[in-house]
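Following are the structures in question.
The two complexes that follow have chain A in common; it is paired with chain B in the first and with chain C in the second.
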Partner chain A sequence: MSWRRTVAIARKELIHVRRDPRSLLIALLLPIMQMILLGYGATLDAKHLAVYAFDRDGSQTSQALLKRFQASPYFDLVRTVEGYADLTAAVDAGRAKLGLVVSPDFSRRLAEGGTVTVQAIVDATDDNTANLAMGYAEAVIGGFSQDVQLAWLRRQGLPDRAAAPPISVETRTWYNEDLESRNFIVPGVVALVMALVGALLSSLTIAREWERGTMEQLVSTPVTAREIMIGKLVPYFVIGLVDAALCVGFGIGWFGVPFRGTVGTLLVATALYLVVVLGIGFVISVAIPNQLGASSIAILVTLLPTNMLSGFAFPIDQMPAPIRAVSYVVWARYYLTILKAVFLKGSGLAALGGPLLAMVAYAAVVGTVATRAFRKTLD
Partner chain B sequence: MLGRIVPLVVKELLQLRRDRYAIVRLVVLALVQLLMFGYAATFEVHRVSTAVLDRDRSQESRELLSRFTGNGRFEVTAVARDGAELADLVESGRATVAVQIHPGFAERLRKGDTAPVQVIVDSTNSNTALVALGYVNRIVNAFAEDYGTDRLARTAPARLRLVPRVELAARPWYNPSLESRWFFVPGVIGSLMLVITVNLTSFAVVREREIGTLEQIMVTPIRPVEFILGKTLPSFLVGLGEMALITLVGTLWFRVPFRGDPLVLLLASALFLTSTLGMGLLISTVCKTQQQAFASSFFVLMPAFVLSGFSFPIASMPPVLQWITYAIPLRYFLVVLRSTFLKGVGLGVLWPQMLAMAAIGATMVTVSVLRFRKALD
Partner chain C sequence: MSDAAVVVEDLVKRFGTFTAVDRVSFDARRGEVLGFLGPNGAGKSTIIRILCALLRPTSGRVRVAGLDVTRAPEAVRARIGYMSQRFSLYDDLTAIENLRLFGGLYAVPAGDLDARIRWAVEMGGLSGREHELVGTLAGGWKQRLALGCAVLHRPPILFLDEPTSGVDPLSRRQFWDLIHHMAASGVTVFVSTHYMDEAEYCNRLALIDRGRLVALGTPGELRSAPLGGTLLLVECERLGEALAVLAQTPGVREAAVFGDALHVMVPDAETALRELPGALAAHGLRCERIEAIAPTLEDVFVHRVGTAP
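== the complex of A and B ==
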């Protein structure tokens, strides 16, 4: 392998990149855009859920209950309606996430003693929001119930402790103390951006030569297959590292995501990940001598698994067993484990030995396949 | 006019059939996406790996901890011997939730003092942590409730029946077993139609320009409007085909219910497609090469996808982003999709979404046609 020829190819590729400022702009703007979009937009928290109430009792007690919903940061009591049909219509139209129905004998039955139920219709089209909403509603009702019980016990002359004993759940949320979706999403965006940029740019390098008919010229020169591969990928490797730095800097500086690990660990993992992503893009580019086809396949092969099967947004341990098995093949899974650990947990190289080893193996395999795949022939 | 459009449509469809990778892009990609969202996309929280440490070793503490097993939400995977081991279980990722009961728990319960239970959650995934904490609270509250009832049954059985209590009877409508699949599968239709038709349309034009056949077409008697129709109709048909494909697989394989009127869905799809085709044309007017078109479409499609409410609720986004979502046709289409699949509501409820899509579609088509004619001159 000749150093001089490799550099020449790299320089040629760099000129391609420079001549097409739009692509370069994309390579640099894309990370920022993704960061902003996902950093702000990707949140699963549920707050200020719209509540419609149908209070058929209209008593002081039922009003007190509704006030609790109003006071909760999770709910907004938007309207009290006069009929059941109005309530269901609001849920149907998506105006209400939660429809509360208080029965006409609510306060009377509560005064008589025993258990009284409050009905809540929850719009469960979005199952996650519905799940959170039901949890919050249960907490509101539970708090109300406890207070009613205490008041009753006191009236009866029974000691407070005759009621349900107070158990306080002392919660410690480790690694992401404020339960911010952002802290969970932003580290993953680094992997997403590099999968995207790497696949988009590198999948086109060989396909472009074929399409423009310059492959013949390249083949007639003394450069070897390996020199072409390395020369062509080095510029994108650099761009990828710049992108990673941009993402990480933006995530920490702008979004205030904690960075508790070491830069060294992150750098090693990122470099390995880039080798894998670029190598796969290159193999696709060799296999499909058509820019459009190559980039579509690259997206299918890199972006989709990174998005879905790496643990970026959907927890892997909740997936069915066959899908979990497939996720072990997804290289981004290991990088994501490392990213989240480096950002939030502050784990060092030692704790991340497993995923790092997996990435080294991947980089070696992809590197070998990429060199073998590309032959300097014209047929 | 028709005599000139039909051959162009036929030519486009022929070209699509000749493209070896078209089948991959149009069918395989669609099915792979559907499979991923049907199986892998889940925000559900089941079988959370849980470590416990019982430092009280009383009947009460055992009873409380036993409630963490056998409810499907938690799976006690480790019993720690001390605090350090418990912390280590969370740090190494072997447990997502760790529950610790301090000595004196039962004593405090009996006296009526506040009895603390310590819960450590690995909240790297904030959503899982949030949902899991909700379950923990439910379990602890139910335990406290039962404990109180038991005690009253012993001390004042006559009055037990009289203790007032308010309970929530929550009825999750439309998706009673809270399956993420029901939420995602209808959404996949919208996101696929968006990506495929925008790309197909923009490439159809840019390719002619790149190869140099655009001039040839321009010297034929075809008029710009006819050319545009000829280029967009195939994408329109492909878009409807995708809709049918995903609807069929989604309802038959994934058993997602379809409760609404197929005609409402068809109408909404047509309105949605006018805006995506307009977007595709618009991209084609500003791009010279397919690579540029591909990259530009990414810049348009990424925000549309994230901000549409496809996986993240719009109501939780910051206000500025929420305003932007009003300009995104996918936002409205997703509402129609989920409403027709799960809610079974009709035009009486969905007319605002239809109107919005029609307005955006009309604007997009007008702007793109105007720009397009200028680009041809």
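== the complex of A and C ==
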């Protein structure tokens, strides 16, 4: 392999990117855009859910319950309505995620020491949000219920202990202490952006030469197929690393995602991942000699599995066995595992042996295929 | 050591069932300008591409600069320069950037590179425009830049596939001066063309038709080779009528208007010289001049090369 020829190709490729607004946009703007869109948009947390209440009791006690909802970070008590129809209309229209109905005998029965039921209507079109809303609502009502019981016991002159349950749980959430879904999503966005940018840019490299008619002159020189491949991919490798730094920096600096691992671990994993996505993009570029076709396939091949099967959107343990088996083929899965561990757990290279090994194997296979894919002939 | 820069023996190239090159053999000497002349689709480009190791021959032997093109393609590529039919430098690079790229690809010694780039810029008349994007340059400049890129590594053999198509006459003339300049310094140059005037500039010509080599020789040899008859120049009144008369006259094989006279092909010159003026006079046409002439390359080309379908 000749260093001179490889550098000549790399330098020319960099000039193409610099002078092509489309490539520049993909290389520099796309990562930031994805980060902002997904960082803000793809949050799985349910906060400030709109609550409509129909308080048929209208007592101090029922008001106290509604205040609890207002005080919770998960709910916003938007309005109290004067009829059942208004409540259902609000849920129908999507204005309310949760509708509360307090019965007219609410305060009276509690005062008598009896039990009472509060009706909660949940908009379950989005089952994830509905589950969260139900859980939070039960917690709010449960807390209020316990306080009511405690007050009643005190009035009866009984000790507090009678109200306390004998066993309580003390939970510690590890790695993502605040249960911020953003902390989990941002590392995923890094994997997504790198897959997109890497495969998209490299899918244009060979196709562009065919499309512009420059391939014939290029292959007439003594440059080898491998020098062309390496020379063409090195600039995108560097761009990929810059994009990764951009995304990680943005995630930490702007979104406040914790970063507990070392830059070295991140670098090793990212370099391997880039080899895989660039290699795949390059093979696509060899197979499809026009830029539009090649880039469409590159997006399809990288974005879809990275989104669906890497554990980014859906947890892999929850997938049915055949789908889970397919996810082992998805290279992004290993990178995502490493990213999350590096960001949130602070794991080092040693602790990530399994996924790292998988990525090394993947990089080796893709690298080999890519080297063989391109042949310097017009036949 | 043989003086042959290129040796081709029984070269065949098939694409599926189509035979693009059919048992072609020839060789080229050092410092020679060898022209490939033939209609579009005759196989000129295919032969050049095989010689440049861009296409693999189906059968036959091709040695370029003493190397077998199928066994040592990269070594062959290092010893040749090639300009493809379509302009194929990078439009989004400047002239200098293109030259620097090809200098790198041909591994021109780093110490010589700047001097050679300067030389190529001057040769191409590109001084002052060397930092402009190639896409903005006009045809003649592009062509000379492409030549500069192809010869930056001083190859002993140069392949030019229709280098002057779409270039104005003045630029063509300049381009040919460059080609002869290189040949004079010992470079073997292959040029394909379908311009007759350019064919005259070649030391030797290979006539290619439907994949076959139908004639090979100097322009003079080709012109004087027997065409199966004698070519007569006939000057007379009312060319159109005269053409109709002569076409009907026994002993005339072909007749065509050529400028302000007729070219008439006859198997027997003596009889024709005697009888044709009379045949014209019988129709009231006075023959002002009739004589045997040497055929032009175009006559040879039209005679030898059937028009491609």
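What we mean here is this: the second predicted complex is superposed on the first by the 341 of 379 C-alpha atoms of A that agree within 3 Å, B and C clash if a C-alpha of one lies under 4 Å from a C-alpha of the other, contacts with A are read in each partner's own complex, and residues count from 1 in each chain.
Just so we're on the same page, a residue touches a chain if its C-beta (ideal position, glycine included) is under 8 Å from a C-beta of that chain, and two chains touch if they have at least 3 such contacts.
Note that this is a predicted model, so its numbers are computed, not measured.
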Which of chain B and chain C A:K12 touches, first, second, both or neither: second
Touched partner set for A:S2, first chain B, second chain C, both or neither: second
Contacts of A:A137 with chain B and chain C, given as first, second, both or neither: first
First (chain B), second (chain C), both or neither touched by A:S23: first
Most chain A residues touched (candidates chain B, chain C): B
Which of chain B and chain C A:Y175 touches, first, second, both or neither: first
Which of chain B and chain C A:G213 touches, first, second, both or neither: second
Residues of chain A at both interfaces, chain B in one complex, chain C in the other: 20
Chain B-touching residues of chain A, taken from the complex the two chains share: 20, 22-23, 26, 29-30, 33-34, 37-38, 40-49, 65, 89, 91-94, 110-132, 134-139, 141-142, 144-145, 148-149, 152, 156, 158-177, 179-181, 183-184, 196, 200, 204, 208, 288, 290-293, 295-297, 300, 304, 308-309, 313-315, 317-320, 322-323, 327, 340, 344-345, 351
Contact set on chain A toward chain C in their complex: 2, 4-5, 7-9, 11-12, 15-16, 19-20, 212-224, 376-379
Chain B - residues contacting chain A, complex: 19-21, 24-25, 28-29, 32-33, 36-37, 39-47, 49, 90-92, 109, 111-131, 133-138, 140-141, 143-145, 147-149, 151-152, 155-156, 159, 161-176, 178-180, 182-183, 203, 290-292, 294-295, 298-299, 302-303, 306-307, 311-313, 315-318, 321, 335, 338-339, 342-343, 345, 349
Chain C residues within the chain A interface of the complex: 49, 52, 54-56, 73-75, 77-78, 80, 82-84, 86-93, 97, 100-107, 110, 146, 149
